[in-house]
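Chains: A, B, C and D, in written order; residue numbering restarts at 1 for each.
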Amino acid sequence: MSKIDCVAMLLAGGQGSRLGVLTKSLAKPAVQFGGKYRIIDFTLSNCHNSEMDIVGVLTQYRPLELHSYIGIGSHWDMDRRGGGVFVLPPFARDQGGEWYKGTADAIYQNINFLELYQPQQVLILSGDHIYKMDYSLMLEYHRDKQAAVTIGVIEVPWEETHRFGIMSTNGEGRIVEFQEKPSKAKNNQASMGIYIFDYAVLKDYLRRDAEDTATSHDFGKDIIPRMVAEQQKAYAYPFNGYWRDVGTVESYWEANMDLLAERPELDLYDTSWRIYSENLNLPPHYIANGSSVKCSIVSEGSQLYGNVDHTVVFPDVYVAPGAQVKDSVLLPHVRIREGVVLDHVIVGPNTVIEAGSIISEQETNICEDAALKKYSGITLIGADKTIAPALSGAKK
Amino acid sequence: MSKIDCVAMLLAGGQGSRLGVLTKSLAKPAVQFGGKYRIIDFTLSNCHNSEMDIVGVLTQYRPLELHSYIGIGSHWDMDRRGGGVFVLPPFARDQGGEWYKGTADAIYQNINFLELYQPQQVLILSGDHIYKMDYSLMLEYHRDKQAAVTIGVIEVPWEETHRFGIMSTNGEGRIVEFQEKPSKAKNNQASMGIYIFDYAVLKDYLRRDAEDTATSHDFGKDIIPRMVAEQQKAYAYPFNGYWRDVGTVESYWEANMDLLAERPELDLYDTSWRIYSENLNLPPHYIANGSSVKCSIVSEGSQLYGNVDHTVVFPDVYVAPGAQVKDSVLLPHVRIREGVVLDHVIVGPNTVIEAGSIISEQETNICEDAALKKYSGITLIGADKTIAPALSGAKK
Amino acid sequence: MKRMMGIINLYNSKDLLWELTRGRPLAAVPFAGRYRLIDFTLSNMINSGITNVGILMQGNFRSLMDHLRSGKEWDLARKREGLYFLPPVTGINVENGFPNDLSAFQSNLDYLQNSRQSHVVISGCSMICNLDYNYGLAFHQEKGADITVAYKEMGDLDSYPYSSMLGLDEDGRVRDIEINPVRARYRNLFLEMYIIEKKLLMELVDSAVSRGGTNFLRDAVMKNLDKLKIYGIHYQRYVAHLMSIRSYYRHSMELLRPEVWRNLFFANGLIYTKIKDEAPTKYNDSARVSNSLIANGCIVEGTVENSIIFRGVKIHKDAVVKNSIIMQKSEIGSGATLENMICDKDVRISAGKCLIAEPHYPMVISKGSLL
Amino acid sequence: MKRMMGIINLYNSKDLLWELTRGRPLAAVPFAGRYRLIDFTLSNMINSGITNVGILMQGNFRSLMDHLRSGKEWDLARKREGLYFLPPVTGINVENGFPNDLSAFQSNLDYLQNSRQSHVVISGCSMICNLDYNYGLAFHQEKGADITVAYKEMGDLDSYPYSSMLGLDEDGRVRDIEINPVRARYRNLFLEMYIIEKKLLMELVDSAVSRGGTNFLRDAVMKNLDKLKIYGIHYQRYVAHLMSIRSYYRHSMELLRPEVWRNLFFANGLIYTKIKDEAPTKYNDSARVSNSLIANGCIVEGTVENSIIFRGVKIHKDAVVKNSIIMQKSEIGSGATLENMICDKDVRISAGKCLIAEPHYPMVISKGSLL
């Protein structure tokens, strides 16, 4: 096997429990997003567009749908000879198997995969974010700086700095201090969880980290602070585009809504940086007489007879005459019956909302049950449910 | 997803520790066999040729090479829409992950995969055997008999019955008694580890077995005996062709040698039942002037200048002038230098045997080290080694 | 199990789609927002379990090959069988001077011979429907037919000039065939689909060519009406017969009826086509859309009524598109008005332009035009 | 990174491989035990990082399309770019009456236009070698050339009748070209490979066609020798030039020299071809084989000397095959003797038959013959 410049390792094992029922039966990277995509499509499309030809995807939590979705990467045109996408679940060795204990441990357990390629650099990614980024530019930056590690950073609002790993850099972009989720941040440059390591350095730190029983085996908490402390050449690579962690129901809803702006920050229609995804072979969607569809994105196979405003409509969704859907996300195969009113609702795949149901921030006439959960004003309804109005139109 | 007749589940998690260094870095089903193939090729080609369109492959031990080898089943032309090959490693759930505890447990942990397809029947296979079998005929038999479970059986010599699950049947083929590895067998009909279950029955027994803490969660040890005891309609399906477990170094060597017979029982040249495998894109092999090659099979890219007799030669093997190779198996990329004598030797991938080395049953002139191990007359040499004669030609 | 193979015959005797088939074969004409005509024939075959399909290519078929490529989207990129392109005969084999389907069949007899299946489904590309050939095969075998041909009984004869029609007896046996009459005498529109045993097909082709034949239907089938048991099977559901710009337009507009949409896209399986990886379609605040079919990848800021919009179309603010068909990647400038128009691929209509054709007599704007 | 696209030009002015190109284009002629000629050109392109390849098809190309299918084996089954079949021009576009490469180029100018790459590598299929076009591109840019052409200096002029030769000045600039002379005046064999900027190619093609040109080399290149800076790059390693049965045979036999074998199959990357899923080759007790290349899937029970045996060949007991080339799936009966023969695909030689041709004047037994 020939020597490869850079291998990407995509951490896709997260359970994403803060996404509620959306991750009940699938891993977070496999959650649908943006009217057609799954969250991991963005990172994998970035890899393809950045000509990162070899990508290991580390999975752990409920990977069935994720594995069969990823396959050998055909959706992203990455089923290439001698390259492509490799799914790397935890596995058993002579002495039995071990689950991944942390992000660093996950990479360490798959060091034999990296050894196959002997790359110059290793790009560490997570499958949890919505963004478009050219990793090859970051790789160039890393090489220009002759860095040991380069961390992708983005400016975040000062009041959110406590949620991130925060970098302080000198004039050349070299990291002089690293604070993991600080209560009092010295800076607002946050780590995006994107790292480029020189492979030799990475191996060394992973080995030492593995021997250390006191660590949590995490890049942000353990490896990076140690490298900064040991004066390794760690650089920050500033990224200015759209970047969202969709780790909570609220942020998932917001990132979907972001796509509906008149000029969205994230342009899905730019053919020079396509976001690839599965294609379902459904006919064009149908918008009926008497309906009104605006400020929305709508996918193939859907049939809209009612009013759809500021809403993300996935494939094969049906909205009956007289229904009103606003500020919502309708996942694939959802059925919205006559006269339904939805406002700020995320409806899971295959769910049916029966005629007359009203679900909004102000008012609802359905029984609140396990299928339905509220997150600061947004109602999340799980997959494969049937929701009907309560017999005595309950008011809240 | 449409209702599927039969889904195959292939148990490929075995470590295969009795294969010595052959399974040092890969799972047993991924071990090379027969000059070109890997062990799992036989079962997967059987699936393709039997039109079993959906195959779940359950992996556990060192699956990297196996996973990337299987991919989405393109080698076996099984990368079909809505079907194909799905790799199923152990995975984490909400309450953490569990490793497969036994064959039945492995299937039970993947019941959600079977639930996707709701098959009529489930075919359970293992990836450890060399044989050609039309599973669709067995499925037909199962349906004709309206069986709850059908077990593939083969006659074994009476003296080997203690190694197998042994079936006693009535005139119609119905199993009336099942002995797991009996010291005193009542019959010589041995289970091949191939089962067809009605899915409803399988689910029921797996569920009950999972709740039972006293079992080893194994089909042969627990599920089948329990079904026979509970008078379920269990039938034996007799198979008459070539069938070998290649679980030990000796049986691996023998099964390779079987291919060299004038008329081998296992016909690799029958185009109506092809065994599919990876293809390496190497040129035709070259047999030089002055060499002698007979009773052997030779694969692409090899260059033979010496004498090769009754030997299996994998791709890209080099045998230098004056070398003598007999009754041996040369795995891919092996280099045999001038004057080497090999007799009853299995040489692992990429290994170099330096000039003048002599390794045979009777005599050897090389230091015996960890790289080399003897199994009743057969010498096994691991991968990526360099073997040279000892300075003082040691005699045994 | 797999008893049928498919042949798609791209030779069509009459092509009245003029403007749309200038730079492409009929089979590659875009239809229904995201498909090409051949997608329907091909999808019917694969949805009927056929995994071996040969295409008798004709004319300038580059756009068709670009579309089909490996056959992967139709699950026909296989190690064994799959999709075979059977290019036109050149040189020595064309005894009768011009390319024709009979000699195309003849020069591919070896392909037929080498295929494992016993029966052949032959179909053209201008009859658009969603059907299962297994019903045809069952009928074929029940009747003990030599050839089974599919037809649809039509209400209105006048709508189908230049179509082939079948004359049937009470038993459903074909007793007469009219090929492309100006005014038909029978009501049974021939759907250009045959089921026939492979051996008989090979025999009929060879025999007809050796007697100077050039047209499969006329010389291999019609001339044997008395000798062979040819039965018609009635297909009851929706069929669009695309043989003129008017019928193309009329059938496109029929897709806006939800029962036609459902029937054509879902009746017996999905219709597969080339994947384009387009984003979902985006409607802005000013979008006003009604009774329209809209494919992925569009950006709609204007008004769209009773129209079919293909993938990647942009309709700018204050543009009005009515009763029109706008093909892939076209762009309608702000304030432009289109009525009763068919815009081929990559057409750009400048801001403020107004193009209005007569109802039922649509105008075609050719591929790549900039108006 | 990806600056080059590839065009494989299947129009060849002189084809002297008669017996082997009767039922197939030159590009599909089997060579070296498991390949077709086009595999070498295609593999060189992909091994040089080219991912967009158009093939100017000519003649009866069904066998070629069967061979290439989706392009998957060459890693060219891609969503973007990959393998494009550019079929021959029919009808209106052939102004000059017969199919020719210049009009083929011209009718595919839109394909060139739509491609992202700035440079085009053009190659034929009759020059077999293993090279990296990136060296050519570096040379091209260093020289500031308009066109770079590859050549090899030959020792023996007499061996290359009907080849095109280049006359070069000291600087390596091409000053004269001879197309297929009976007796060459220059020693520099033109390898039928060009590197040229895409824009210039499009300009040259259009300009030559509009002046009545039909031959790319003659009318687009040679006529511009004075105006354009055309440089020759010398390819030093092994080249097999297959332009007659004798040269086909001679170059096949050269493959038995290990340094040629290594050079052609490994120098700059592997040569890819269609996968056949054959088992390894089996030698029985009575097999006697020396100095031979043998592909997978064969069963050898007889004697094979100085020969090239393709995939799936059976050589029965006591058969003797010497100095011969036996193509795919042929079968040599027990006791038969073949010397100095070329058996095309699927030939069956009955038991005991004896066929011996003169050394260096091999006889060809055509595809599918039963002797």
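Note that in this section contacts are C-beta pairs under 8 Å (C-beta built on N, C-alpha and C of every residue); 3 or more make two chains touch, one makes a residue touch a chain.
Model, not experiment: these values are computed from the prediction.
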{"item": "Centroid comparison with subunit C (C-alpha atoms), farthest chain", "value": "B"}
{"item": "Selected pair, greater C-beta contact count between B-C and B-D", "value": "B-D"}
{"item": "Intercentroid distance (Cα basis), subunit C paired with subunit A, Å", "value": "41"}
{"item": "Chain centre separation in whole Å, for subunit C relative to subunit B (CA means)", "value": "48"}
{"item": "Subunit A, residues touching no fewer than two other chains", "value": "276"}
{"item": "Multi-chain contact residues (two or more partners), subunit D", "value": "79, 275, 277"}
{"item": "Footprint of subunit C on subunit A - complex, ascending", "value": "34-36, 259-260, 262, 268-269, 274-277, 279, 281-300, 303, 312-313"}
{"item": "Sites on subunit C touched by subunit B in the complex", "value": "1, 75, 78-80"}
{"item": "Contact set on subunit D toward subunit B in their complex", "value": "32-34, 73, 256, 258, 261, 264-265, 270-273, 275, 277, 279-297, 299, 308-309"}
{"item": "Footprint of subunit C on subunit B - complex, ascending", "value": "51, 77, 80-81, 276"}
{"item": "Residue ranges of subunit C touching subunit D (in the complex, touch as defined)", "value": "57, 59-62, 65-66, 69-72, 77, 79, 82-91, 99, 108, 111, 275, 277"}
